[in-house]
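Notes follow once the structure below has been shown.
Per-chain numbering from 1; labels A, B and C assigned in written order.
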């Protein structure tokens, strides 16, 4: 693949999103965001809740249209959902009447591909994430973490090239979340995907990503593009290192700063560090 | 029933009592209780009824004793069954018409916000009208044949179906639809594979109500105009002050109503097996 | 007055002075027995407030108050229903047509007739004026609508036998009273069975003339309204029974001699009957057709309210034959009616002549 294309696998240029919400008038969720992702990179989009990062993800996945600017993946402009893109949301949204395995196979039914071809692959995925005894269980018999694992398998089963994840582990408890982060990195390395991971957890972003993009509150723009220097594979122990925590602190400060921009966004986050304010 | 009793009972009643006690306190109790208790209550009511009516010498025209009703039921059972046929057939036709139209309209409303805003509030309002008052109008509009009865009963049972179905389709989690769309599912696929199965429990609960209303609607229609049927027969018995016959006909009607309701519940159960959450 | 529902209530009670004043002022025809104190009496009609019940409302307005009775009038749902209502004590008195009354007594409802008010309830088969059906035998193979709970319904087989008609050749449709006349007017059926003075007058008031083949014309005497009550009431409170009967028969006489004023009173008591021209006509025609059935030798000779034992016996025969199980016990005539309070009011010949002149316009509808 030509170097240019490889470097600019995902291309986001001056993208804005404005919602017309009836009585509230126009809301600019995303304002003039630009970045590119090379193939195989794991990037985290970090920012407080309520900023436009989920909207950005939806636009990248073809589920929302851009108001201005343009997005291209693999050279082709985004006009709608694609089979080369896999999206994970905070809610695993498993179909309650289907077993775990059938849920994993669900995308193939939508894509009208023969299920038998993919069945063994699906089973392998489920084993890989530690659910081999649970393949025929219904979602109500699984815990939150298990359901999210099924969702991961479902996202991977049809082998998308780009993974978009919108705070998939936010609803889980801290311990499970850490396990899921490790599992995610495992899978990402095994299957070499390009990944964009939205989160509001600084530690999660730093742990997972090659690169962290910091976004502000609405109207969101990118205020920092930080490369994470740690080697792979990474383990949770990394979280105790001094360098890790310095990077987290730097990012925290950056976020604080952006809260007190002259155009009047006030700091409300509990991450307040007074010495960096104003 | 493995208890050993020290005294060998010679009086016949004692073993029966002891056996009964053993049954009722044994593990069988839990299984039999849901059947025994209502049956025993009904039997007790019938007994009290018989005693009171006979003792107070209530004229049979006002309230016949259960034994007289049973006797009449046995005597005219073939006639009652003969009249049960048109009533049942009209009910089924009304039910299927109402269900098809109800679900159809609900689907249209689910896909057209314009239609929903136009029609749904009116539907809810219409639900409040005592539709019994309109029954004579159906005869005026559609004549004295079976058509007006089926139409009226369908009219009456249409509303529970459409309202439940609209709610069922609306209450689908947006995330499930989003999932389907992100997998490049077409509108039809999203409907058939996600929307419809999610709405099934609501649709079925609406249909169960509709079946009951269809029976009632047919009987009311038969009271207004009929050439045959259980409603027709009840009026005929009224005209001759044969109150026991009225009760006998009502009993057959109850059995039919319960059977039809049970059929819908059975269908729901079967659908649950394939789409179920158990 | 509470309009519209057919349930009329009056202010309770009249002072002793008022009572005496009323007694003096009203042109009472009968001596008033002293009923202890103004009491509320529940009375049911056999049907809606219509022409043939005008006299009950006249009684409420004129003749019951002086007797210290507060008559609460409720609309009925057929003679069967009013019979049952009286038998259960829901109503103290009420109107039940003779044949359903006899049927009730045969079925062990302890009712008794205190008076018979008219002598032809006009049970019959009605067709539209332009119908090709001219005589009963033409009904073979036709479609007839009936209200099963209406008093004339069970007697069709008797009528069929009398006129030589095969009842099995007829297609019967059961309808509700709300649509009975309409299905005939819209020609959805060829004929209806009903009471001519009810259905016929209703259709005539909407300018749709009808012809009626009366059961009485075929020799089936069906005497009309009775004032009915529980036998026990007659035994324990004969004074009240007498007062009610007297009051109603007095009002009946008033409607015969003062029909216009009676209709006025009726319209005041039942405002919806004055709503539109057709309801006014309906009341007038109904009253006229009904009085057609009072203008009979039974009333001329025996006074108002007299029950004819021969007619009762005939109707009892019909009931036993067509409506009861073979071997059922035939009710004793003394248990069915009494003439104790009847016959006190007799109209004179000139008054009957006036009545005749007035009701002759309805001869052509009642064959």
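Basically, a contact is a pair of C-beta atoms (placed from the backbone, for glycine too) under 8 Å apart; a residue touches a chain by one contact, two chains touch by 3 or more.
In this text, all values refer to a predicted model and were calculated from it rather than measured experimentally.
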| item | value |
| --- | --- |
| Dominant interface by contact count, named by its two chains | B-C |
| Chain closest to the middle [Cα centroid of all protein chains] | B |
| Chain B and chain C, separation of their C-alpha mean positions in angstrom | 41 |
| Computed distance of Cα centres, chain B from chain A, in Å | 51 |
| Separation of chain A from chain C, taking each centre as the mean of its C-alpha atoms, in whole Å | 87 |
| Residue numbers of chain A (touch at least two other chains) | none |
| Footprint of chain A on chain B - complex, ascending | 173, 175-176, 178-185, 189, 193-194, 197, 274-278 |
| Residues of chain A that touch chain B when the two form their complex | 61-63, 80-83, 85, 87, 89, 91, 93, 95-97, 106-107, 109-111, 138, 140 |
| Chain C contact footprint on chain B (complex, rising order) | 59-62, 135-136, 139-140, 143-144, 222-227, 232, 235-236, 238-241 |
| Complex contact set, residues of chain C against chain B | 80, 84, 87-88, 103-104, 107-110, 145, 148-150, 153-154, 171-176, 178-179, 182-183, 186, 188-189, 323 |
